[in-house]
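Before I ask anything, here is the structure I am working with.
Labels for the chains are A, B, C and D, by order of writing; each one numbers its residues from 1.
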Amino acid sequence: MIDSLDQIFVSLKHWLVGLTPEAWQPLVSILVSIVPIMALFGTCFAATTIFERKILGRAQNRLGPNRVRAFGVKTFGLLQPIADGIKMLTKEDIVPFAADKVVHFLAPVVLTTPAWMLFSVIPLGRNMAAIDLDAGILFFFAVGSASELAVFMAGWSSKNKYSLVGSMRAIAQMISYEVPLVLSTIPVLMLAGTLSPSQVVEAQGVGTGFFAHWFVFTPWGLSGFVVFLIAATAESNRSPFDLPEAESEIIAGFLTEYSGFKYALFFLGEYIGLFAVAGMAVTLFLGGWQAPCKALEFIPSYLWFFGKFAVLIVFFIWVRATLPRLRLDQLLALAWRFLVPLALINLVVAALWHFMGSWQFIAAMPVRWGICAMLVVLPFVWFARLLNGGKVAPRKYRYAE
Amino acid sequence: MTPLTHYLIFSALLFCIGFAGAMMRRNAILVLIGIELMLNAANLNFIAFWRYGNTEAISGVMFTIFSIAIAAAEAAVGLALVIAIYRHRRTMQMDKFDTLKG
Amino acid sequence: MAERLLLANIVMLNSIAFYILAVITLAGAVAALTLRNLVHCALCVAASFAGIALIYLQLDAEFVGFAQILVYIGAVAILVLFTVLLTRGTEVQAGVAFLSRSWPAGLAVTALVFAAIAAPILLTPELHKLAADSASAPVRKIGEELMGNYVLPLEVIGLLLTSALLGAVVIAMQDKKD
Amino acid sequence: MLGLGIIKGLVETGRNFVGSYFKPERLVTIQYPEKHLPPVEAARTIPFLVYDGKDSMKGLRCTACTICETECPPKCIYIVKDTVKKPDYLGKMQNQPKVFDIDISVCMGCGICVEVCPFESIKMDQVFELSGSDRFGAMLLHKAQLVKSNDYFGEICHEQATQINAARADDVRKAEAKAKADADAKAKAAAVAVSNAAAGVAAVAASSMTATPGTTQPDSKPAPKAASTSTPLPAPSKPTVPSATP
């Protein structure tokens, strides 16, 4: 019973595919995987836009959007995404006179298409990865890096200084943060011994013990998770790393000359990218669709995945509500002088953790934990101090005389 | 369905396009792009021969992986050289770089 | 019977995909080396690299295909674009020749090279063979090879990449005197 | 340690988030179209024309002097003088505008027209819901749309309006007093002239007494006319008493 509930979508897909003529089954199978993913994450996108604005509002002691009515019925603003969508679709699509028309048109497409492709390797539940690629995590980062090109195309083709500055910032930021993003996943790949997301999730299962072995519950996993989260925030251009579209400095960065549907596509692409990275964080560190302990395994796997996913998204929104934007030099210093060294040390810690796992003597477990935790915390404190120029004190502001 | 020769001819075409670009364009960046295309054509041959030969022996794949890594290094150094030359000569035209000409 | 039909279907789609991708790749390459605007050239060459990556995937070389995307689109194309913007030579002015003076010689040599490559390919009957139905280069196997047979090349590549990184920074760094 | 400040900040916004559901007084915003903030005395948006009394056209303070039109930096005011004059609050005949347009899409709300107006006729309004569906017509306000009563001005700018009203009441009182004085002086002069003609006994003394009002006479040239129209004023008033006693 529980198993059938857990596998309901998988069996539904098999049933649907079985209905079609056999020659068409490969195509139908692909389609049956793509359509629900797009529908699901499209809905997630709509829901996130409204809940993000609601949460941001509440965090700043405002109400947030609360006015959209449907046929005279109050909806507490829940229909805001529909109103926004209608607005975006009916707006005039303005292309600057000097713009490179073809590239200007292609940029949102190039951004959005790879972003959707990222979901194909993320296991949304037990046996619920669209394609179970052998090198799925490599695929994820390879396809994710295509967004840099799209951002450049958008910024350059607009023939606008703000757009170009914004896109150059975005590319510098994305290249810098891709390094810690990938480096922080390597310990996971080392200990799971695979590049396939499904197998990474399998490796974090409950197994014979009572509690699940989520990687985040180990010293190196926690450190990697923090680095991954920070890098993922930067990679998806979200506050506090939203310099590429810092509205108080460069209007809207590479989005300045975009309007109407193309702007909506960019908006969609950014959120889809964020979802994908959050899904990958869940897969790599939070155990994917695995329940945290044996007693909770009766809840279907996809609910676990989406629960963790939702928690991460809310956390991203919460961070956005809290932190002010970084300066460009602070941004790059954080990547190269803090996250990259931490991620590199984390590699060593993960290797030590692996080899200390074979220790058999009494109190091997606390010793293993102690050494690894120290190796994680000490560099963290040390690099944090270095980042602040060696001193930790409230900043003194000097004003022009 | 597709015979190996199609891949090889395709790769030869790609190589020749890259070769022609490297030979005929004046711009230093485009010469580098041409060289990259030639490298890619060679990589494609490795993969095609692996796929149509003994797929258990993966040396073709390994060679391609190393080749891609070398190509990345080559592109980085080459483009750094282009920037350095541009800084001195204020031009990207290859035929202006003639200081060593007798 | 049905099983075979299914397989034939996939194989046919696969080979159609190759021809489409080949056309895209060649068009991208030609465009990259003939357009006047350097940014367009860089974008076209990125499209060409993407086509090659997809052909790797079509040839069941997953890992290489993803590595190709990661390195060529994520890094080399961006590097080329940065160089184009840093050198301010975006557009070749109208009237200025964008081909070198000796381009007819280049074209002739290219034709010769193509003939020299294509003739043996077409004249060797062993090359007219078809592929095995399926093949795979699993990541685990690649990793074991890298750590076993190819461990020395791997180390050398690591050294090479490090020195290339440092070298590129040193070469491109602004002189203090300027 | 790096990160503590971030956690503190997260706690703070988290408290805001939860608190805003349970303590409505935390909410700093108002639900605008239904509720408005109380108006601020110094707030200003676009100019309007003040009128006194009930009839907006009769009581209009504007005299079409076009100073505001000249001084307006973005040149958003357009005035055409009327050929017909009308009496102002002091009873003087003044010009009045036939056309008084302000293009509020051009107006920058600087308030220079208010500064330069000698007649306290143009003032800054506080209305801000000025949007219209027409790009040009709806933004060009005509005289009829611009006039607002002095009572309205008293509502939005209580302090300033009280001062102006007091000053104007003072002006009216002074003008009345002056008119009376002039009328009396006239009456007196007439009386003196009559008494001179009748009996030239105290001519020297009387003429020396009337010399003071006599010298002020050329300063207020239009006064005699007005005074002459209102000649049937009661003669016995205070300033004229000492001269009338002999």
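Things to note:
The criterion applied here is as follows: contacts are C-beta pairs under 8 Å (C-beta built on N, C-alpha and C of every residue); 3 or more make two chains touch, one makes a residue touch a chain.
Keep in mind that this is a model prediction, so the values were computed, not measured.
The minimum number of touch steps separating chain B from chain C is 1. Ranking A-C and A-D by contacting C-beta pairs places A-C first.
Chain A and chain B, compared by their mean Cα positions, are separated by 34 Å. Distance between chain centres (mean CA atoms), chain B to chain D: 83 Å.
With centres defined as mean CA coordinates, chain C is found 29 Å away from chain A.
For the pair chain A and chain D, the distance between C-alpha centroids works out to 64 Å.
Touching two or more other chains at once are residues 63, 67, 75, 82, 136 of chain C. Viewed as a network of touching protein chains, the structure reduces to a simple linear path. Applying the touch definition to all chain combinations yields A-C, A-D, B-C. Against chain A, the residues of chain D that register as touching in their complex are 1-3, 6, 9-10, 12-14, 16-17, 19-21, 26-29, 31.
Touching chain C in their complex are the following residues of chain A: 22-23, 25-26, 100, 103, 133-135, 138-139, 141-143, 145-146, 148-149, 152-153, 156, 168, 171, 175, 178, 193-196.
Against chain D, in their complex, chain A makes its touches with residues 55, 58-63, 318-319, 321-323, 338, 380-381, 384-385, 387-388, 392. Those residues of chain B whose C-beta lies close enough to touch chain C in the complex are 1-10, 12-21, 23-27, 29-30, 32-34, 36-37, 40, 43-44, 47-48, 50-52, 55, 58, 61-62, 64-66, 68-77, 79-84, 86-87, 91-92, 94-95. Every residue of chain C that touches chain B in the complex is listed here, in rising order: 11-12, 14-15, 18-19, 22, 25-26, 29-30, 32-33, 38, 41-42, 45, 48-49, 52, 55-56, 59-61, 63-64, 67-68, 71-72, 75-76, 79-80, 82-84, 86-87, 89, 92, 97-101, 103, 105-107, 109-110, 113-114, 117-118, 121-122, 127-132, 135-137, 141-142, 145-146, 149-150, 153, 157, 160-161, 164-165, 167-169, 171-172, 174, 178.
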